[in-house]
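Structures for review follow.
Note that chain A is present in both complexes that follow, paired respectively with chain B and with chain C.
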Partner chain A sequence: MGQKTDTKPATSLTDGISDALRRKAESKNWPLIIIERALKGGVKEESLHQAMDAGMTPLQARQMLIEERKIELNMAWSKVDTERGNRAKIGKKGLTIDAINIGSYADVPDIWPDQTMRPRGAFVRPGAVSMGYTIYSKAEVWSDNLGELYEEAIQRRWRPATDIPWESISPLPEDRERAIGQICTELCEYNYAVILALGKWVREVSYGYHEVKLFLSTVLFDAGRHYEAFRKRALVNGRGLGVQATGDRFMPIREALCYAEMATVVFMVNDSFVLSLYQLLAALAQNDAEVELFTLAAQDKARHLAYGVDHTRFLIEHQPERRDEIRRYLSKGEEYVAKDRASDTPMREALAIHLGGGVKHIGDGFRRLDDFRHRQLQAYLGRVEAAGLEDHENILWPELAKDL
Partner chain B sequence: MAIDQKVIDKLRKEPGMPDIDLSWLREEDSPGIVAKAGKRGLTLDEINKGVYGEVPEIAKHGTTRSRGSIPRAGVMRTAYFVPEKSDIWADNATLIYEEAVQRQWSSATDIPWETVKPLPDIVEEAICQICTFLTEVEFIAGDAPGQWLKKISPDHYEVALYLISQVMDEARHLDVFRKRALVNGCGLLEAQGATRGLRNVLDSQDFTEMSALMHVLAEGFVQTMFRTGEFIAQNEAEKTIFRLCAQDESRHVGFGVMHLRYVLEHTPERREEIHHYLDRAEQLFGHPTDGGNTGLQEALLITMSGDGKDLDKGAELALALNKKQANEYMHRLEVAGLGDRRERMNPAFGMLLDPPKN
Partner chain C sequence: MAKFPSVEWFKAIQDLVNGDDGIRKLGTCDAVMGVKVQDKAFEITFEAFDCTGVREISEAELANTDFYLDASYETWQEMLENISQSGGQPDRHLTLNTIDFLAPDGFAKSDDQSRKDRFYRYGQTFQQFFNASAEIKTEFAVPA
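What follows is the complex of A and B.
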């Protein structure tokens, strides 16, 4: 009485495998799943003991199970309630990501309700675990041109190793070679800063907005290719890399606490100024390699900007209460661009040498640089306006406004 | 000094000339280099010469400074990077990156979609179930390397470029399997939601842990499946998809194997730690709480049977695929220097191994 008795059942409650059978399976390295399947398939426990004692390998057992058991499919996965009957059409540009956005698969909800890795339009059973994303708001990340930009990025892929006629680069006067080396050094760093930023943010976007993840993957790939290509240009003609960038303009990118902030600073502010610079460098190219290099880079950058402008417009249209918030991100980006320009003497002088055609003409180069800054700023303001933020010149960061 | 000081002094006296410094032009720390394009063009290996090719064992700065450029005082830090080269490096990173750039393909135009014709319902559903699964796992395969990018120092930029190429590849895989599911009237079916095995990859706190789990184990298994895609594919479009994806996955597996080898050669004391990661990952692969991925298993039986009728044939081929996956996994571990894994491999995989060749 009151004495504890060993009530442990001979058979485990969870998987129907007796302790004796379990011990033997473990000692013979038989996976328990095989035992479980065999028992469920009607094989007697005694037969399994005999098989293991006889030295049968688990693989032989599995094969035997396949041979002896009539395979019955569960097929529950094929009966789930997902939309059927749509056939995506192959168009002139092939089977694009927009072409498969048909029926309910095209419904991109304003708030994605699912924390799992369920693709949009698929079914997931209850109980799936969270994947830890943080962005579930369409307005935060979306633009309507994502599919088009993604497919274009893939179609217009280029290869720095073989698509740039490197052999067209002949020795240049040292001042000019070092100027382009300095410019490329800084562009490498900008692209690396973008890589670090997107590396952080792509992961945060939930799967309901897969078009965003796809497009950002191409931006990452472009940034990697630009880093690679500019490094190659700096190292191909006798001088090498120059002085490290100040890093000032990277600070608001690094500090961004929400996706929209990062996207505004990268895709609206910095990319706008960088696109103008790529276009300038293509116009000033000293050989066919630089023409090709900066033209292709500008083509890529134009896509990033197209996203930036459309994303900002989408965000403001759908969350108009965030208009002033976005303006503050623009201002912060502008502030650090201005700060960077003021403190980055090597870059400023390298551009002046490049624009002037050599250090002896640097004075002329500075005058041309002023003109370029003006055009650069006008282009930026045009893009801000296209994004739905009119009259931005009235609140432009003062140090930058001087260029107007 | 190539730039004459007298010229600079004269320039400073020009009317209207802003303050000029030009000390960076006098800087002699910048070593000269003339990289020459080789047979494969101007590759990263061609420019990794002199100081530009010296990859530091420890990345000592936290800025975006490019390796070989002249440090500037006062630059604020950008990030905390993984400092040790041995924790992230693979000697084939540059080669793989260049190959990835050369071999990009378009899911919109490089797949002969017109060869996809109406299939028996059961086969079409099975293909779509496989595509649902693959679309899903390719999300993880892109997110996992992507989230490590912010920890890779520009001193080790080659690894960052490789990881970027993988993110791009996985985006294209996600996209191509989604396209296949939606091109022929069925659509997406049942997703796993998230499995413990895949969460384990995302949860990795160490780069080598992530790489061993994702590149060597998970992608290794997927790559073997892609390479046997001829048994799954029902038309030229699907064959092309599997062939191109397998080509991409080979690079990812190749990086993982060479990274593991580098780690084991340079920090052999980590061997047991790595075994521990694999112990856990092998056990979680197909963990009971994941439901054994019935949808994928059944879909493979159906497609491998050809028409969904001869399921015994499908089961035989599926078993052959499983054996191939386990044996190729073991082979990759041997190449990486982890041949002793054979003795401690999880029985679920170990039972599928052929006896060692010697």
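What follows is the complex of A and C.
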């Protein structure tokens, strides 16, 4: 050292920095912004001279300022009146979304009053902006098994690229290959319709019901995975896709005007028929890949149905005046499933070939298709009854009732 | 050697699957499965990653299960022998799902369709449960 430091502030100041301090900062390669911030933060000019003379780098100076600023924090945010002290229990399934629903955090109100993204149980910040949700009614979207279903979806997920033994698929006769290609083409389209519908509705649900948003996100992902997997099945053997579906059954899904309508048409009507189809395809699989593929898809679909049935039951129990409304949605879904069947010759014939064991036995295949339709309908009616709508067979859409 | 059907036989399977990483990797399973073999009935409980209970029950108690598997003794024997001979990978026509699909009245039964749907929801887990029987010697004995 030995050198005398000019620590006396000069009278000439620019941006609060004396000429002497400015000259020294420039000679020591200290950015002036650091000098300015330090002075505003209450650091004395003399201390800055000493720091530069002592060889402190600009980076060290900046770190020192950050540390000082931390000390100045008032921590007001940490003193807000949210509930504390309830420790979550980690159970056999780990720390689940239901396990952290404790104390007031478990309170899911019938009407959620907040239009913002505020997580349930967080302190309200005045002035937070509205996110434009349209669903604030618990009954519209809720079911009591949502947490369980969400965790299960995460636990039982699968990877089409590596979990399906694709190498087990050997060339099938042309008619059988064409049939499975057609079926997979239409299943791809159905899953795409589900993606479109849920993509639209999941954003409408307010954050008071985060379990709904979480579960619907898994359904979206499942539908994407099914689309991927069925497309792979159609293309893995080099035989390709079939013809586009008529798409009648997608119309009420696309045109649903409220969440309950969409959920009824997707999770009660269409998914019910689709689950039976997955079971058929797993049962009549021609290789281990198809067994695995359709068994896994059926597991996912049965989970979606578990929501559909419980959601419908919850809605009717809490808003019994909507019972007839839900029946109308069921009828609308049934009407379009029936229209679809009547107009969809490719799917009907592909299923008959699959069930008969080839185009030579298509007559037998059509007879088996009638039996399958009967069982498919019985399972559907069973789910409607489980949801709390008894005797639905008496008002079943007439074209479908023929399968009873 | 364990006799089928018996509590001992199901407990042997329970011990095998509870120590099996493969079945754990399939994910959680919450279901009460019934098994009906002629006039014998059993209840097998699955909770989270484990098979947590096996007991013999009355036929009437099958109504308390989510679903119960009901087939002729010959079908049970054919299925289990096939699983044993194939090292735990049954032929496609002898999977639980295919037997259910091909049987006119089904293999999985319940008065409540939404509870029966657990048969499909955890299909792989139940299949793995029975596939594990390939690791034990089974004595087939028609219940009296």
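Odds and ends about this structure:
As a working rule, the second predicted complex is superposed on the first by the 333 of 404 C-alpha atoms of A that agree within 3 Å, B and C clash if a C-alpha of one lies under 4 Å from a C-alpha of the other, contacts with A are read in each partner's own complex, and residues count from 1 in each chain.
Note that in this section contacts are C-beta pairs under 8 Å (C-beta built on N, C-alpha and C of every residue); 3 or more make two chains touch, one makes a residue touch a chain.
Every value quoted in this text rests on a predicted model; they were computed, and no experiment measured them.
Superposition of the two structures on chain A leaves chain B and chain C fitting side by side, clash-free.
In the superposed pair of complexes, A:280 makes contact with chain C only, with no contact to chain B. Once the two complexes are laid over each other on the shared chain, residue contacts for A:309 go to chain C alone; chain B is not touched.
Of the two partner chains, chain B is the only one that A:195 touches; chain C does not reach it.
Applying the stated contact rule after C-alpha superposition, one finds that A:388 touches neither chain B nor chain C.
When the shared chain is aligned, chain B and chain C each come close enough to touch A:151.
In the superposition on chain A, contact is made by A:93 with both chain B and chain C.
Within the superposed three-chain model, A:298 lies in touch with chain C and out of touch with chain B [touch as defined at top]. Of the two partners, chain B and chain C, it is B that touches more residues of chain A. Think of it this way: put the two complexes on top of each other by chain A, and the tightest Cα contact between chain B and chain C is 11 Å. The interface of chain A with chain B overlaps its interface with chain C at residues 93, 151, 155, 157.
On chain A, the positions that touch chain C within their shared complex are 91-93, 148, 151-152, 155-157, 275, 278-280, 282-285, 288, 291, 295-296, 298-299, 301-303, 305-306, 309-310, 375, 379, 381-383, 385-387. Residue ranges on chain C touching chain A, taken from their complex, read 26-28, 30, 47-50, 92, 95, 97-98, 100-102, 106, 112-118, 120-124, 127. Per the touch definition, chain A reaches chain B in the complex via residues 29-31, 33-34, 57-59, 62-63, 66-67, 71, 73-78, 80, 82-88, 90, 93-97, 100, 102, 105, 116-119, 121-125, 127-132, 150-151, 154-155, 157, 159-162, 164, 166-167, 174-175, 178, 181-182, 185, 188-189, 192-193, 195-200, 202-203, 207, 210, 213-214, 217-218, 220-221, 223-225, 227-228, 231-232, 235-247, 250-251, 254, 345-346, 349-350, 359-360, 362-363, 366.
Residue ranges of chain B in contact with chain A, taken from their complex: 2-3, 7-8, 11, 14, 16-18, 20-22, 24-25, 27, 30-35, 37, 40-44, 47, 49, 52, 63-66, 68-72, 75-76, 78-79, 97-98, 101-102, 104, 106-109, 111, 113-114, 122, 125-126, 129, 132, 135-136, 139-140, 142-143, 146-150, 154, 157, 160-161, 164-165, 167-168, 170-172, 174-175, 178-179, 182-194, 196, 198-199, 202, 286, 288, 291-292, 294-295, 298-299, 301-302, 311-312, 315-316, 319, 323, 346-348, 350-352.
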